[in-house]
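In what comes next, chain A is part of two complexes: it sits with chain B in the first one and with chain C in the second one.
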Partner chain A sequence: MLMWIDNLVDKRTLQLTTLSPLLSMQTLPLPSDEPSECLEELCRSVISAPEAAVVSTADEAIASLMCGWTLLFLNGAAGIAVIQTQGLDSRGIEEAPSSTVVRGPRDGFVESLDVNVSLVRRRIRSESVRVDKLVVGSVSHTHVAVLYIHDRAKPEMVEEVMKRIGKVNIDGVLESQYIEELIKDSPRSFFPTVYSTERPDDVAGILMEGRIAILVDGSPFALALPCTLAHLLKTTEDLYLAYPVATFIRWLRYVGFLMNLLLPSVYVGTLTFHPEMVPPQLLSSILTAREGVPFPVLMETLLMELTFEVLREASVRMPRSIGSAISIVGALVIGESAVQAGIISSPAIIVVAATAIASFTIPSISLSGTVRILRFGMVLLASMFGLYGIMIGLFLLGIHLSSIKSLGTPYLAPFAPFRKKEFLKMVFRIPWFALNKNRK
Partner chain B sequence: MKAVKAGICLLAVTLISGCWGQINFDQLTIVSAIGLDPAKNNMIRVTLQLSNPTLPVAAGGGSQQRRPFVNYDAVGVTIQEAVERIQHQAKKSLFFPQTKVVLISEQFARRGLDDTLDYFWRETNQNLNSWVLVSRMPARHVLDKAMELEPVPADEWRKYLEGDWKRPLQVDVQMYQFLPRLNQTGYQAVSPGIGPFNKSGKSDIMEIGDTAVFKNDRMVGWLSGEESQIVNWLTGASRRGSFHTDLAQEESVSFSLHSVRAKLIPVLSGGRLSMKLLLKGEAEVLTATVPLHFGSEHAMLRDVLNRQLTTAIEKTIDKVFRQFGSDVIGFGETLHRRMPAEWKKRKPDWDEEIRGLDADISVSFEVKRSGLLH
Partner chain C sequence: MHRQQISERQFFFIIFVSIASLTFFSVPSQLIPKVKQDLWLSMALGAATDVYVACLLYRLGLKYPGKSIVEYSRSILGPVGNLFSFVVLLFFCGVCVTAIWIYSDLLSSSLLPDTPLIAFSGTLTLCSGWAASKGIETIGRLSLILGTIILISTVILFSTSIPIVELRHLLPQFEDGFGPALGGAIYPASWFGICILMGMLMPHLAHPRKTLKVKVSAVLLGALIMTGYLLYSIAVMGVHMASQMENPLYVFTRITKLIIFERIEVLTLLVFVSGSFITYATLYYSIALGCSQLFRTKSYKPWVYALSPFFVVLPVLSVTEKFGQWPPYLDFWFPVIALSIEGGVATLLYVGSLFRGKKR
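The block that comes next holds the complex of A and B.
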């Protein structure tokens, strides 16, 4: 007797590998009289599917059945034959929408684990790439693959990752974020200690650095460990651009990170506590611009920041076709009219807009989200204690960042603890020719 | 427990700092100039010029109809008292950290400043980078009547005084340099003067020029532009200048001078202190009322320049030392650096000492160029 779930199997495979060989056997004698032996012989020599095996328990057979395998029962046999006839439809490989590049490969991960592994393996054709598969989720039975290069990744790190994934106790895994939250170091920290990417070339680079990647079936986002702050501020495209350009862009990104975190709080802190620091002409024009504005500086800044966050959220949720309406309403109606009506001063709009643009320079979505939240904290501190408050905030942030680790790597490495070679690599994009010279 | 400890630390950091004082930003008015005048009964009249912020012309502020500045004045025993009275008139919060100039009227300066200016040392919310000017007429009138191209006159004055191109005929001094020199025996204060150029009508054009010389905290006299230039060279404030020499009756040659370097050397001979002054530099002919042959008359030009410069410097030093008895070129400080023991001995009578000081002046300028003309 054959058993399969209609929606999970590929009918063509089923017919070619299982049905036709079995049907053509009808006229021939059975390979063996003993049912168990006969089943094994059928698996071995008759069924032409790439994978076929005999399992002994019903649980194992049901798990396979749920994955789209076909079961073959033989009357009197001790086991059940499972035949790989899986046929899950998958989206075509498209450009990763969360991280597009100007120059560089354009393929992105899809929801199928097999395709994703193949995308990575295609880039590193080496036998030392290891793919360890695990199953996670007591209900969903999601397949998870841990990828590493076995002579580059530290064995204890791999072991630790496997152990952490093994400990995961959850009903279902619908996205790699589930795994990320369950295996990350310092889970209470706002900062992401697990890197996530949608790009196979990124994962390939990570593997070659000796780091470990985790692919989760059903999610196009791969995870990588260890992950430090500097990793989150790097993009793969840095390596695809000419080294001076890439270095410049990387510095811009560092500046953007700081601006995103500090600009509104410096604006609020300086104006409410230290207006003497503002150059006279600038102070004069800020004073004029603020004349008649009903809100204090803090309120104004917070209002505009909130408005911007709402706008951003709205534009993510909106269908693409009416997305442009958001920009018209947001930019023209709120920005322009609020200033003209004298509700918000134009310096506040400029500050919020500059912060927003700076926030888009951070390549990691999760880090950008963290900074967005911390920005509000910084603004509140600045409104209470001025620049002194900002310094308190930065110190607390520094203490926190230097206390967390990602899989044994300090989060601020290579800046603190200072490692010269890695530091240079982080600050500058060292050209390949210089790197090769060092290796000799 | 850990959280409690962290909380205590945070609370300490925020509460012990003393960094309080939010400023009511929207009520802020910038004080752009402070004027100090004497008043009856040894009181002080303080005039504050409050600037009314206007949008820059580029941002469409050109057509705004509002007074660019308003002057308030009040009398008090101390500056602080007068400022508090002004606060009642102006209502808005006075913002001192961006004050551009402090005007001290001549009368007030001659009365002595020591017992009043400590306000500028003690008050934290003010600008030690503001420029000090001594006004020939009451400071209040200068502030009321001044008419400049910029809407707020103090802005214009500040820009003129802080310009990178140091005007050699002009001394300039900021509050942080001016205040300590009021009490410094070996290097006394000077300040540029300001006064009306022509007293024609309601508003006057103010001229910044000449130099007020202080002896301790009291102003003693004025130096002309040319003398200010020499003081500037001797203190090292300026390296450039111009000089007119009289070649013959009604014939003169003007030089532009560069890389002027002065060296003051105290010389002790037999217990008698004298000053040796070396001045070096380069000169360039700017104008001449007679035809010159640069090749053959080169040496003559140089000698005339050096001779007449020496005379001018002698006159200036004579005026400063003998007439005013004030050490504005900082010779006392030079002695302090070179011979500390000698300075200690002579410091108490330094005012008397410099009156009888001999100056040995040697000037060596080279005439390098004759301009574009041969």
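The block that comes next holds the complex of A and C.
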């Protein structure tokens, strides 16, 4: 008897690899008289599916059935044959929407694990690439693949990743974020200690660096470990651009990160506690613009920051055609009207807008989200203690970042602890010819 | 208990940052009025005293590998050693309270005049206590970043101040002979000597044999840079004006101009405030670890929490009781006690270890 679930199997594969060979055997004698041996022989020499095996328990067979495999029962046999006839529909390969590039490959991961693995393997055609598969989720039975290059990745790191995934105890995994949260170091930290990407070329680069990637069936986001703060401020595109340009852009990104975190708090702290630091002409312009504004600097900044966050969230949730309209209405109409009505000063809008632009320079969505939250904390500290408050905030942040690790790698590496070679690679995009020379 | 490890570079920056920030807040008002333009000699002698203490602690550290000053005091002197350790830890606490008091006083008078002192001692204790509870690895990593910022900002400040420097203010040298410079050496020596906490950190170093070289380099660089700051402030303002100020280094940075920004003293102050956080965190960690070793508790962390109320309240009480206006404390008692403990304890322990070695 054959058993399969419609919609989960590829009917053509089922027909060609299982049904036709079995039907063609109707007139021939069975390969063996003993039913169990016969079932094994059928799997080995008759069924032409990519994978076919005999399992001994019903649980294993049902798990395979739910994955789109076909079951073959033979009267009197101790086991059940499972045949790979999976045929799930998947989205076509498209450009990754979360990380577009000006120059570089356009393909992004999709929701199919096999397609994603093939996208990575297409880039590193080496027998050293290892793909270890695990099943996670007591109800969802989600397939998870751990990818690494076995002679580059540290064995203890691979072992640790496998151990952490093996320990995951959850009903279902619907997205790689589930795995990320469950295996990350310092789970209470706001900072991402697992890198996520939608780009196969990014994952290929990660594997070449000796790091480990995790692909989860049903999610176009791959995870990578270890992940430090510097990794989150790097993009794959850096490697596709001319090295002086890539280095310049990388520095801009570091500046953008600091601006995103500190600009509103420096504005609040300086104007409230240390106006003497601002050059007189600039101070005069700011104070003139603030004349008649009913809110104190803190309220004004918080109000604008919150408005911007609401607009950002609205534009993400709205249908794309309306999203851009919302942005225009929010940014131009509300902003300009608020300034003209004297509710908000133009310097506050400039500060919030500059912060918003700076926030888009951070390539990692998770890191960008973390900085957005911390920015509010910094503004509150600045409103209490001025620049001293910002110093306190930065020190507390520094302690936290210095104390966390990602798979044993300190989060602030290669800056602290200082590792010269990696530091140079993080700060500058070393040209390929220089790397080649070093290798020689 | 798992022993955290720090690299030589991290140890270098911990010592450098400690010397720089302690000197920034404490030494100028003591040294400039008394020694004037000859202060470089006092600073050099202070550094030499610290190098002497470092040599003794280095030899002791190598003789008792993996042990801190609290642990080998017990090994060398038996129960009396515990008393020595207790005195050292008490001294560390005294240094912390004194330094927090000076720090809070300066911040209150120059940066945030309307903020109560307890806000400064509280935030400083919170930051350094949290860092201490995370361990020496965290402190070491952070010191790398902050030490680099101090170095870079110093280079920028010194370069941009060149146009306003008047070298004639540094002359004549030794107007009143060598006496004031020799006598004044006790101030930097007493503050530099805080680096006796090397005795607590040496067991955490990845390569203890390199400790002396690293420590001496850090002390020399710290002393050199801070001598530069002190001489710059005299060269820019003149001896008379610099002697009148509560913190001449702070006023010197106020005069300096950086591109279009004219009042950058707040930034300089904040750079050294961040350095102070590292210094107190290291001291705090050493005290808590020392207490756990002395009283044989499993973890040092409860000591971090237990000591925090003292560091928040005591500096503020000192001010309310006009302790700060009691000149003999900072001018006489603190340097004398500090030097006796820093130099005295190290020498006694070293001599004791020699006798112990002979007995064996």
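Note that the second predicted complex is superposed on the first by the 440 of 440 C-alpha atoms of A that agree within 3 Å, B and C clash if a C-alpha of one lies under 4 Å from a C-alpha of the other, contacts with A are read in each partner's own complex, and residues count from 1 in each chain.
Everything that follows uses one rule, which is that a residue touches a chain if its C-beta (ideal position, glycine included) is under 8 Å from a C-beta of that chain, and two chains touch if they have at least 3 such contacts.
Remember, it's a predicted structure, so these values are computed and weren't measured experimentally.
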| item | value |
| --- | --- |
| When chain B and chain C are modelled together on chain A, clash or fit | clash |
| Contacts of A:Phe385 with chain B and chain C, given as first, second, both or neither | both |
| Touching partner for A:Pro296 - first (chain B), second (chain C), both, neither | first |
| Contacts of A:Ala416 with chain B and chain C, given as first, second, both or neither | second |
| Partner chain(s) touched by A:Val194 [first = chain B, second = chain C, both, neither] | neither |
| Partner chain(s) touched by A:Ser403 [first = chain B, second = chain C, both, neither] | second |
| Touched partner set for A:Leu287, first chain B, second chain C, both or neither | first |
| First, second, both or neither for A:Leu271, with chain B first and chain C second | first |
| Set intersection of chain A contacts, chain C complex versus chain B complex | 273, 276, 385-386, 388, 392 |
| Chain A partner contacts - residues on chain C that touch it in the complex | 7, 9-10, 107, 111-112, 115, 119, 123, 127, 130-131, 134-135, 137-142, 144-146, 260-264, 266-267, 270, 273-274, 277 |
| Chain B-touching residues of chain A, taken from the complex the two chains share | 271-273, 275-276, 280-281, 283-285, 287-291, 293, 296-297, 384-386, 388-389, 392 |
| Touch list for chain A against partner chain C, complex | 273-274, 276-277, 279, 385-388, 391-392, 394-396, 398-399, 402-403, 410, 412, 415-418 |
| Of chain B, residues touching chain A in the complex | 10, 13-14, 17, 19, 21-23, 25-26, 28, 30, 51, 53-56, 59, 61, 95, 97-98, 100, 125, 127, 155 |
